[in-house]
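Paired with subunit B in one complex and with subunit C in the other, subunit A is shared by the two complexes that follow.
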Partner chain A sequence: MEKRSIKKDALAGIIKKVAGDMLVYAPVKEEDGVFFRALGAGMEPQTTYANTKNAPKNIFFPHTEKMMKYTRTDKGMEFVENGDPAKDAVLFGSRPCDAKSFTLLDLLFDQEKYKDPFYCDKREKTIVVTQACVHPPYSTCFCTSVDGSPTSEAGSDVMLTDMGDSYLVEFFTPKGEKLLKYFGDAKPDAAAEAKKKEIAETAAAEIVSHIPAKEIKPILDVNFEHPFWNTIHQRCLACGTCTFLCPTCHCFDISDEVKYDDGIRVRNWDSCMFPMFTQETSGHNPRPSQKERWRQRTMHKFKYYIDMFGAISCVGCGRCVMYCPVNIDIRKIVTDISKL
Partner chain B sequence: MQNPYIPYPVEVIKIITEVETKDQKTFRLAFLNKQDEENFKYMPGQFAELSIYGKGESPIGIASSPTQPGYIEFTVQKAGVVTSALHAMEEGTKMGVRGPLGNFYPIEYLEGKNIVIVGGGFAFTTLRSLINYMIFGENRKRFGKITVVYGARNPGLLLYKDELEAWGKRDDINLNLTVDKGDATWKGREGFIPAVCEQVAPSSENAVVIICGPPVMIRFTLPVFFNLGFSKENIITSLEMRMKCGIGKCGRCNVGSKYVCKDGPVFTLAELDQLTKEY
Partner chain C sequence: MESIEKKLREEAKLLLAEKRVDVIVGFEKGTLPLVATPCFIENPDDAEKLVWNACCTQNLAKFVHDVLSQHRASQVRVKPEDRKKKVVGVVGRGCATRSIVLHLQEKQYDRDDVVIIGVPCTGYIDYKKLSGKLGGEEVLDGAAEGDQIKVKTASGEKAIALKDVLAASCLTCRFNNPVISDMMIGDPAPPMDPDHEYDDVNAVEAMSVEERWAFFEKEMDKCIRCYACRQTCPSCYCKTCFVEQSQPRWVGVGEDETDTQVFQIMRMYHMVGRCVDCGSCSSVCPMGVDLRKFLKKLDKDVFELFGNRPGSSLDDQPPLSAYTENDKENFIFNP
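And now, the complex of A and B:
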C-alpha cells in the first residue's frame, strides 16, 4: 500500500488543487451546518468539521436525478437521450461510517442482474477520500455496534488520519492511487504504523453508544406481530427526516415532468415513512399506519437487508437520532428489541 | 451498460375494448426494433412496465403468450393517471415497454401434471397467457388435464370472449365459465367461483391449481382446494404491490425480505406462508 505524509495545513490547498483538475465534492460551511458541495471557485473546503449534516450518498444517488429525456412527436412522446453521464470526481472528507454506506448501497445497486446504471456510473468514476475519526465527534455515534469503526477502511479509496502535526495518507486502492501525485513525496516515518494503530484503538474506545444491533436478527425473525410494534411509532410525524439523512436508505420514486414539448423522467428520493409510499390506486395500502411503516424501517435495516445481502443496513452515523424532531431513537428501539 | 430503466419503443397496433363497461381494454403492442423483440423473451406470469413518457409507468401482467410472436398484449383496467392515458390512446401511437419483469409460472414443475386454473375478474390476464401457452401445438402434450374456472360479475365483464368460445369447443380443456348474475343471453352457469370450484371438484391427484383474482375471491376459494386435498406447495398465486422500478431497487414492493417485482409476483402458498402478511 502506498502511504504519504503531508503537513496539516497543506490539506486545504491540495483539495483545491485537485478541484482545479476535476470535480471535487468537499465539506463546505453553509447556514447551520457543513454540507458536501461541488467545490467551486472561492469555496473553502472544511478539514476540521465533525460530520456533515447530510450523508454524502446524494453524490451517487442524488436527491433528484434526470433518468432520460423525451420529446413530443405526432405519434406521441419519444425517447431522446439518457440522463447526463457522470464525470470523474473526488469525494473529499467523508467519514468512515458514510464511506461504509457505499459498500452497502453497492450490494443493492450493483447487482449482476439489473445493475443501476445511474448509481454505478457515478460510483465507478468517483474516488472516495475519507477522513478517519481520530476522536469520534458525537455521543450518538455507534459505528462499532454495526461492524464499523472510527477508522474503518470499508468504502474508502484513500484515508486521511490526523496524526497531530501531520496527516497520514493511505492509498487503499488503485483508484485512490490516481491521486498520489497531489500528495508529494514525503513518506510517513517508521513510527507511523504503530501510531495509527494506537489512534484506531483510542478512537474506538471513545465511542460511548453501544447497541446490540447484531443480536436482534433472530428476534426480528419471529416477532413480526409482537405488540412491541404498537409502542414506537405514536409520536412519529412521518416527516421522513430519518430516511433522507440516512446514508443507506435508497428508496425512490420515478416521475415525469413535461414542459411544452419536452419532458424528462426523474427519480426522486422517497421514504417508507410516507403514508402514500405503498398506497395503491384502489386505495388499498398494505402498510396503513405509521406502525407498519416503522416496523418496515426497523426490519429493513436489521433483518431484511441481512436476508437479502448478508449485512445490516445501518452504519451508526447517528443522524436519525440527532435530527428526528420528536426524538425517536433507533438505539433505544434496537436495545428494546433485544429484550423482547 | 444496458440501462434497465429505458423502455423499448413500441407501437400500439390494436386496441380491443374487452368489456361492455369499456374500462378494460387489451392493447396489442409491436416492437419498433426487431432486436428488442428478441431481447424481450418472456414466460407466462411475467409482467412489464408500460411506459408513457409524460405520464409515467404502470406494472401490467403480460396477457399474450410467448407462442404468439410479433406482438405482446396487455389487458388494462382504467384506474389512475397512466392507465387512463393508455385508455385515451389510439392505434398507431408510440409508447414504451420495460421488461419482461418478475418470475413466471413454474412451467417445468407444471409439466406432466393436471392443471387447474381459477381466475376471477380481470385478474385473468396472465392466466390467459398460461392457457394459450399450454394448449399451443405440441406444448399441449406436456401437460395433463387442463381445467379452467373463470368468472366475472356478469357476462359483459368476461374478457377474451372469442378465445373463450374457441376453448369451449376443444375437448382437451374443461372450461367452466360462471357469472354472479346472468342476463337474457347467458346460457352458462351462475354462481360464485368458490361454489363452482366445489361443483367442478378437480382431483388433487398429481395436480396444481393456479389462482388469481380479487382477495375476497381467493380467501373463499382456497378452503375449497384444501378440502379437495391440494397442498400449499401445489397452490400458486400472483401478488400485487405498488411498484415503480420493477427491478428491486426502489424499495417499494417488498413483502418481508422478498421484492414482489423481482422475486415474485408468482408465489406458492407455501412460499407465502414464509412471508409476512403485509400485502
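And now, the complex of A and C:
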C-alpha cells in the first residue's frame, strides 16, 4: 500500500488541482449546511467539517436520472438509450460511514446476476477519498454498532487521516493510486503507523451512542405482528427526510415524462415513508398506514438486508436522528426492540 | 414555565382519568438535548411525560386532525349504533388553536371532538438560528429556562437569550395566547411584536421583479421534495395531494426545476386565507427553504383585501368561502 504525508494546508490546493483535471465532488458550505457538490470555479472545498447534510449517494444514484428517451414517429416508437456515460470523477471528503454505504449499495446495484448499469458506470469511474473521523463529529454517531468505525477503510480508495500537523494519505486500491501524482513524494515517518492505530482506537472509544443493532435480528424475525409497531408512527409526518438523507436508502420509482410525441423515462428516489410508495392501481394499499411503513423501514435495515445480503443496511451516520423533524430516533427504536 | 408544566400534567391526568378525553396530544422530552417531540398520551399516569417549553415546535392541530380522521375511517364499517366517539385533548397555544378554528370552520370535525388545554406561548426555538449562534457546534446538553436557553457544547457552556433564537413567526406573533380553549393554564403570555409582522414581506416586496424571481428560484432550488412542509401543515389535510394524482398528472417528479416550483406555488396558493403563520413548514424543512416569507405575503394580502386573519375567530366567515359585492377585485386587473 502506498502512503504519503502532506501538509495540512496543502489539502484544499490539491483538491482544486484535481478538480482542474477531472470532475470532483467535495463538501461545500452553503448557508447553514455543508453539502457534497460538483466543484466548480470559485467554489471552496471544505476540509474541516463535521459531516455533510446530504449523503453522497446521489453521486452514484442521483435523485432523478434519465434512463432513456423515446419518440413516437410514423414508423412506430424510436428508443434512444441515455447516451451520457459517466465521467471519471473523485469524491473528496466522504466520511468513513458514507464510504461504507457504497459497499452496501454495491450489494444491491452490483450483483452478479443483476447489474444496474447507471449505478455501476458511475461507481466504477469514481475514486472515493475518505477523511477519517479523528474525533467522531456528532454525539449521535453510532457507526461502531453497525460494523463500522470512525477510521473504517470499507468503500474507500484513499483515506486521509488528520495526524495533527499533517495528513496521512493511504492509497488502498489501484484505483486510488491514480491520484498519487497529486500528493507529492513525502512519505510518512516510521511512527505514523503506530500513531494512526492510536488515533483509530481513541476515535472508536469516543463514540458515545451504542445500539444493539446486530442483536435485534432474531427478534425481528418473529415479531412482524407485535403491538410494539403501534408505538412509533403516530407522530411521524410521513415526509421523506430520513430516507432522502440516508446514505443507504435506495428505493426508487420509474416514471415517464411525456410531452406530445417525446418521452423521457426517469427514475427518481422514492421513499417507503410515502403512502404512494405501495399504492396499487386499484386504490388498495398493502401498507395502509404509517405503522406498516415504519415496520418496513426498520425491517429493511435490520432484517431483510441481512437476509438478502448478510449486512445491516445502516452505517450509523445519525442523519435521520438529527434531521427528523419530529425526533423519531432509530437508536431508540432499535433499543426498544431489543427489549421486546 | 415549570408551574405551567405542573398544572398541565395535573389537568391532563384528570381529563384522562375522568375519561373526558381518549388521548392527549402534547409534547414530551425528545431523545436529543433541547428537543421536544409530539406525544400521544392515553394512560393518566403517563401525563407526567408532558413538557411545555421553547423546544415545542410543531403545530399540534395537525395531529388532532390525523387522530380524528383515522378514527373516523376506522368507524366506517361499524354499524351506526355501535360507533364510538373519540375525543382528543390537545395542548394548544395560539397558532394551534387558530388551526383548530380553521378545521372547525372547514367542518373537519366537531367542537366536542376536541378538548383544548390552552397554554400561553413565548415562542419556540429556530434551530437554524441556534446553530448559527453556536457556530455550528453540536448541542451536547441544554435546557430552556424562561427567557434563556442554557446550552453545553464541546467548547463550554453558554447562556443564550431566547429572543435571539426565536422562530421568525414567533417574534412577531399576534396570537401567542389561545384564541379558543376549554381551560387555560397559566397567565396569558405577554405580547410579542406584531407591529413588525410584515417587515420581512415588505423587504421582499421592495425588491425588483428580477430580484424577487432570483430569490424564489434560489429558495426553490434547495427543495428536495421530501414534502415535510406539506406533511406538518395542519391546513394540508387533503387525502390525496395534487402532486400525487396521476390521472391527470399535474406535476412531474423528475429533474425539471419547474416541477418543484409548481409544487410549492400550488401548495402556497392552497394556503390563501388558511395559513396561521405557525412556522411549522419552515421549522421542519431539512434543507432550510425559507417558505415563511411567501406564506406571510399571502397572509398580508388576505388581511389587506378581506380584513381577515385566518383562524382568529370562530365567528369569521373564511374569506374564500364568502362573497360580498364589496369584495376587492382590483388584484385581477392590477396585480
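General observations
Operating definition for what follows: the second predicted complex is superposed on the first by the 333 of 340 C-alpha atoms of A that agree within 3 Å, B and C clash if a C-alpha of one lies under 4 Å from a C-alpha of the other, contacts with A are read in each partner's own complex, and residues count from 1 in each chain.
Throughout what follows, a residue touches a chain if its C-beta (ideal position, glycine included) is under 8 Å from a C-beta of that chain, and two chains touch if they have at least 3 such contacts.
None of the values given here were measured: they were computed from a predicted structure.
When both complexes are overlaid on chain A, the residue A:205 reaches neither subunit B nor subunit C. In the superposition on chain A, A:191 makes contact with neither subunit B nor subunit C.
In the overlay built on the shared chain, the residue A:139 is in contact with subunit C alone; subunit B does not reach it. Shared-chain residue A:255: touches subunit B and subunit C both.
Once chain A of one complex is fitted onto chain A of the other, the partner contacts of A:50 are limited to subunit C, with no touch recorded for subunit B. Within the superposed three-chain model, A:340 lies out of touch with both subunit B and subunit C [touch as defined at top]. Judged by the document's definition of touching, subunit A residues 253, 255 lie at the interface with subunit B and also at the interface with subunit C.
Per the touch definition, subunit A reaches subunit C in the complex via residues 31-33, 50, 53, 63-66, 137-140, 234-235, 237-241, 244-245, 253, 255, 257, 264, 266, 268, 271, 274-276, 289, 321-323, 325-329, 331-332. Here subunit A touches subunit B in the complex through residues 67-68, 70, 73, 75-79, 82, 108-109, 111, 114-118, 120-121, 224, 250-256, 258, 263, 265, 267, 270, 272, 277-282, 286-287, 292, 296, 299-300, 303-304, 307-308, going by the rule given at the top.
Residues 1-7, 9, 11, 52-57, 79-80, 83, 89, 92-96, 240-242, 244-245, 247-257, 262, 276, 278-279 of subunit B are the ones that touch subunit A when the two sit in their complex. On the subunit C side of its complex with subunit A, the touching residues are 30-32, 35-40, 58, 62-63, 66-67, 70, 128, 131-132, 136, 138, 140, 224-228, 230-232, 244, 252-256, 283-284, 286-288.
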